[in-house]
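The same chain A turns up in both complexes below, where it pairs with chain B and then with chain C.
On to the complex of A and B.
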């Protein structure tokens, strides 16, 4: 403590914008990552009157990315209303991408490197890249290197019919071969999370998100896109009774212990989000609102390959480190935004923080972090209802939480996002 | 023991063809002490960089300045197989069942090193289902032994003169550990692995070739399973000992449930009794039928303990 960045000048969340999130292969078929990120960014620029302005930096990214999108964010900026003199860079940290862009920009603002920044992310499953197989790729590369027709033919002679099968991206972890859902099913069982508890969390997510739309909470956070004005995964009439009828989708080998369904897991989703950050001076000079300070953030990763820890449990390790640095306890928050990759992820994380053995053995703490007031959890809905376009989720959460804190006028919010590869990212926002 | 120095590492395809020709003679009984007193040796052997890259790509691992242990096994295997394909080798090569491997990988081997490969067979002994034999393979750099493996093979239904077969011991109930991985193996898995290391045993290649040898479907190479397990379990930059014991074969295409465990938890196979720091156990099984495919362990060798580690 004492060395932390929060002693520098604050980085302020000014506002956010996203397009509604759409279930994959539905409303946004045909829209590319660049299309959607441009829509989210242009909406943000319009909302805050940034046309023609040079922003300190724009950072975004996508988890599923075409090779042609090597400079995705810069291309988006060039196609936007921002000044072409605005630098931009891509980040790729699986589902932590969005929050990492915002965290890194906040650090640049705090240290005085830049006055303003826009962070966010985008993903489309509907327009996912499909690549040729490695064998075909190797043949094509060898043919490209060949200096004579004979060598070229020799390269193509190695081609076999099976090499022509395309290769599509999946959600399997490369080192384990287990999908994210299968990994979470192991963790859900390890923490003895019941089907009912998961369905309750899912129903609450839908009801909370619907209520937030009803009171026009998202009016200044969302720009309609392609005929969609709301997240189309949302089921306002979702109930535990309805969710309890769904069959298990993951962990089927657990038999009647299987508890994870399509209802308490996030669907594959398309969407984009962007968040505007600035120094106090920047906000004042441009007469922009200041919703919240981006106080701190922390990354963590766990060894899931050996089975020592669950794939999506890294935030459970990141939070106590960040709390210690900030001199806070888990109970010092007015809102908790825990990304609902699966209902089981949220509930396993909360249970781990309550568990004396886990907190002592794994986190090295004298006492458990303890329980949270569940009425403060994901109060305006989260990913189970809104959907989860991987890299876009961080921006959705930061913009939502900053607005909630500003409406309340005081207090703090905690963000937790799990990510593929056994990684996690967490952050603290403070009202202003 | 007489040492036969081979001009070059023999081609496995030719050896299998030779064995197939000899398969007309049916062996029912062998005499103890009938193993030829011969050791085979190949010198000045270099690793093919292209094969090594192909191997690591197939396993989804990074190409390093270290030759994987199973790749070294694949390099020395033709020399061992040359012994088995000799006319004076008493057991029939085709149809032999691979039971286990026990390897001491004494130090990291660089792909650029020039290798001497040696192999001999020993210890013909009775098994409840036939007669088993150890194939001892060695990899040397100059005079330094860097890798040594013992592969145990079973010739089913072949009696050992003067020995009666022991009763089959009841299998302990297999209780699978918590899954840490799942391998989806497509129908080309056997053929792809064969292309890299040259082991074109027909039981691995295709439905037709496997059926010709009496199998319902092709099965995965035991060494492919070992390679996948070691990719997760083996350390880098140090020597290590590892072993794997095979149970029910993995049919292709198919799925293997996999778990890394603490070494003492292996439910089939020997595991390691002493809990060396950094030692890891692994198990692969059929999730549907709840039957083990293989189990094994990896124990890093303390650098000081790598001298004089012989199996002879």
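On to the complex of A and C.
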């Protein structure tokens, strides 16, 4: 499918905007998903002068979503400076949400269906939906169906005090009961990733992100929000020495083998991002920059329930399929943006691609994909430093990578994002 | 920015109380509205020179009812006194004495405007005395007027007359509600340069304008007024102010550029953004500015240096970059301040930077003197903004009520109107000048 599409006209990344990412229960307490996504979208409109314009489609989504937000993206558009005639839809694919919105819009542009699109996502843990328990919900529904006072009282009579306890959304996998961190801890152990390697990656993420701020890289990628102008999880002075002092947070069953800490795992974060895509004609007609082509993207999923594969390893499977389709090797890239759900995720994935056995048995390849030049990895920081508001991460990465490629003026970038449910999404961007 | 005293003083009870207590009685100023009459009544032209005759013709051409002598009892919307032919102070007498009874019939929000020659090097003592005499008379009349009426002057250099586009544009600006808070000031026209707009209500159609410091206050008001007047906007502010900036950009349907103007590449980045995204750069409004008030005796390097860097060095650097980029038809308007003219306690750094702006525009003018190019400054007096809202109540009350002739603070919009006028091609004959928008405040007099 991708090959057919890539023979069509290019889908161009014009630019992006996000609000700074904030650690949960901090700067953005009181802001809803709709508030934050509207801020990200209005900042994008302001940057590119899109006021009153009808965009082909706006797609976004949230992983943690209130039932009232059944039409989240459309409501965001209606509250934005865009034309109210702009259609919008929601996507929900765990942490793959943001990149999936952008990929699907790119396909619509390539096929000629739309001229412009805005993709992205938002998440807040600080304003997470809290639901009533299933038992209380059943009582309320039964009472609602009751036709007489007697029936209604009978329905409420079934209520027990424990039913009143609210049920908060968790990040545990429903089929295993394990948190994402515990799942990754198993994978980290499986690939023998050292604590030191994880801490090195985490420290580099913070230092790279801080350096990017210092050289004004984010001046046209971020719009401040609620008094925050930078990602507040960032620690510019982070070092391996400091990170090495943290106690393990996941994989405690592994005893002294446990290596994953709060420092080399992403924190819960609030934030939103949006990316503007268009055809070349759209960009030219509106005097807009063309940063990169959105070349291709690929989804994958793994069987983590049986324990056959690690929860967050799906991108390891998606990448070779996409490379084969595009006739590229893993080394044909100038930048690698591998989402840092955990430092262990990035390092396990890279190690898997270097492993002849894994590449032969699991990926069906004659030779391993091989190693990458680590100096090209997450060069302006990634989720360990910036934070990871689930659905917003795809938009952050696409806009950042597109700008990096445009600054370089040539080359390709590879994006890899893991997601809950054993899923993954990967993509290729090409400089313009 | 609600001025509660202004509201109160305009109620029947407030009016009578203010009168009995001898408090100032500020009125609502006549501010510009698109499509509104140029002046609130007929225009009277005083003077006997050829220039007086052509002034009357011009006003007739603008559709005004024009009188050349005081007759009847109808309210006068404006009185234009043409004094280009005075040669000795005694020559002022007949004009002043004709103006005298007419003043009593000036409508609220009316205008007194003198058109005269500026005093210049080489003038005979009698001539210099007569010409400077005009300014003393006009400024005193401005103090005398009430009801939101103002008095301002136009100075025509050499043998310039009303065929100079900027002379016409200045006259229209001073008559209109655009000059509501300009009082006791002179606009000097020094050349025949300038192009009058097709549509006086939308003089900036087709122009691309950059406003720095546009996220709030006066900068945001400038963006709104330039947009109303037809310009396409690039609004600039520091990245930290980006959320407010985005709101302004979306309101004026422009583009937001998050940029610290003190960065060495700021001028280049602004020029590139305007050209790439809007195809041109015609107008630059250097509005970005900060205050770090402290008595000089207690000043530290951070406070001093940041004010100088933002308020003046950045403007100089950007202007050099615009020149290097070949933008030789730029119209630049800078924000000075009455603190730069008179100084202000606790503002030695700010005063230095703002006086610096006045010097910069004066010295830069000769390099921007072809076509419609030009550079001028606007010096606001007490303007009601978030910044001034933080000034202690008594100081603020004194600043806005007692000192200016108009007995109130100005609005950010009032500053923006003057900037829009100076940014237009029609003002190209005014170059290197600083126009005060201060309600004739004594501060900096």
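Please note the rule applied: the second predicted complex is superposed on the first by the 429 of 432 C-alpha atoms of A that agree within 3 Å, B and C clash if a C-alpha of one lies under 4 Å from a C-alpha of the other, contacts with A are read in each partner's own complex, and residues count from 1 in each chain.
As a working rule, a residue touches a chain if its C-beta (ideal position, glycine included) is under 8 Å from a C-beta of that chain, and two chains touch if they have at least 3 such contacts.
If you're wondering where the values come from, they're calculated on a predicted model, not measured in any experiment.
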Practice task
Quick one: classify A:253 as touching chain B (first), chain C (second), both or neither.
Solution key: first
Handout entry: Comparison of chain B and chain C by chain A residues contacted
Key = C
Problem - Touching partner for A:186 - first (chain B), second (chain C), both, neither - result: first
Practice task
Name the contact category of A:280: first (chain B only), second (chain C only), both, or neither.
Solution key: neither
Handout entry: Which superposed partner A:175 touches (first chain B, second chain C, both, neither)
Key = first
Practice task
Please work out whether A:355 is in contact with chain B alone, chain C alone, both, or neither, and reply first, second, both or neither.
Solution key: neither
Exercise for the section: Please work out whether A:51 is in contact with chain B alone, chain C alone, both, or neither, and reply first, second, both or neither. Expected result: second
Handout entry: chain C-contacting residues of chain A that also contact chain B
Key = none
Problem - chain A contact footprint on chain B (complex, rising order) - result: 57, 60, 178-184, 188, 232, 257-261, 280, 287
Problem - Residue numbers on chain C that touch chain A, as the complex places them - result: 239-243, 245-247, 249-250, 253-260, 263, 276-279
Handout entry: In the complex with chain B, residue positions of chain A that touch it
Key = 134, 162, 174-178, 182, 186, 190, 253, 304-307
Handout entry: Complex contact set, residues of chain A against chain C
Key = 39, 42-43, 45-49, 51-52, 81, 216, 218-220, 222-226, 229, 287-289
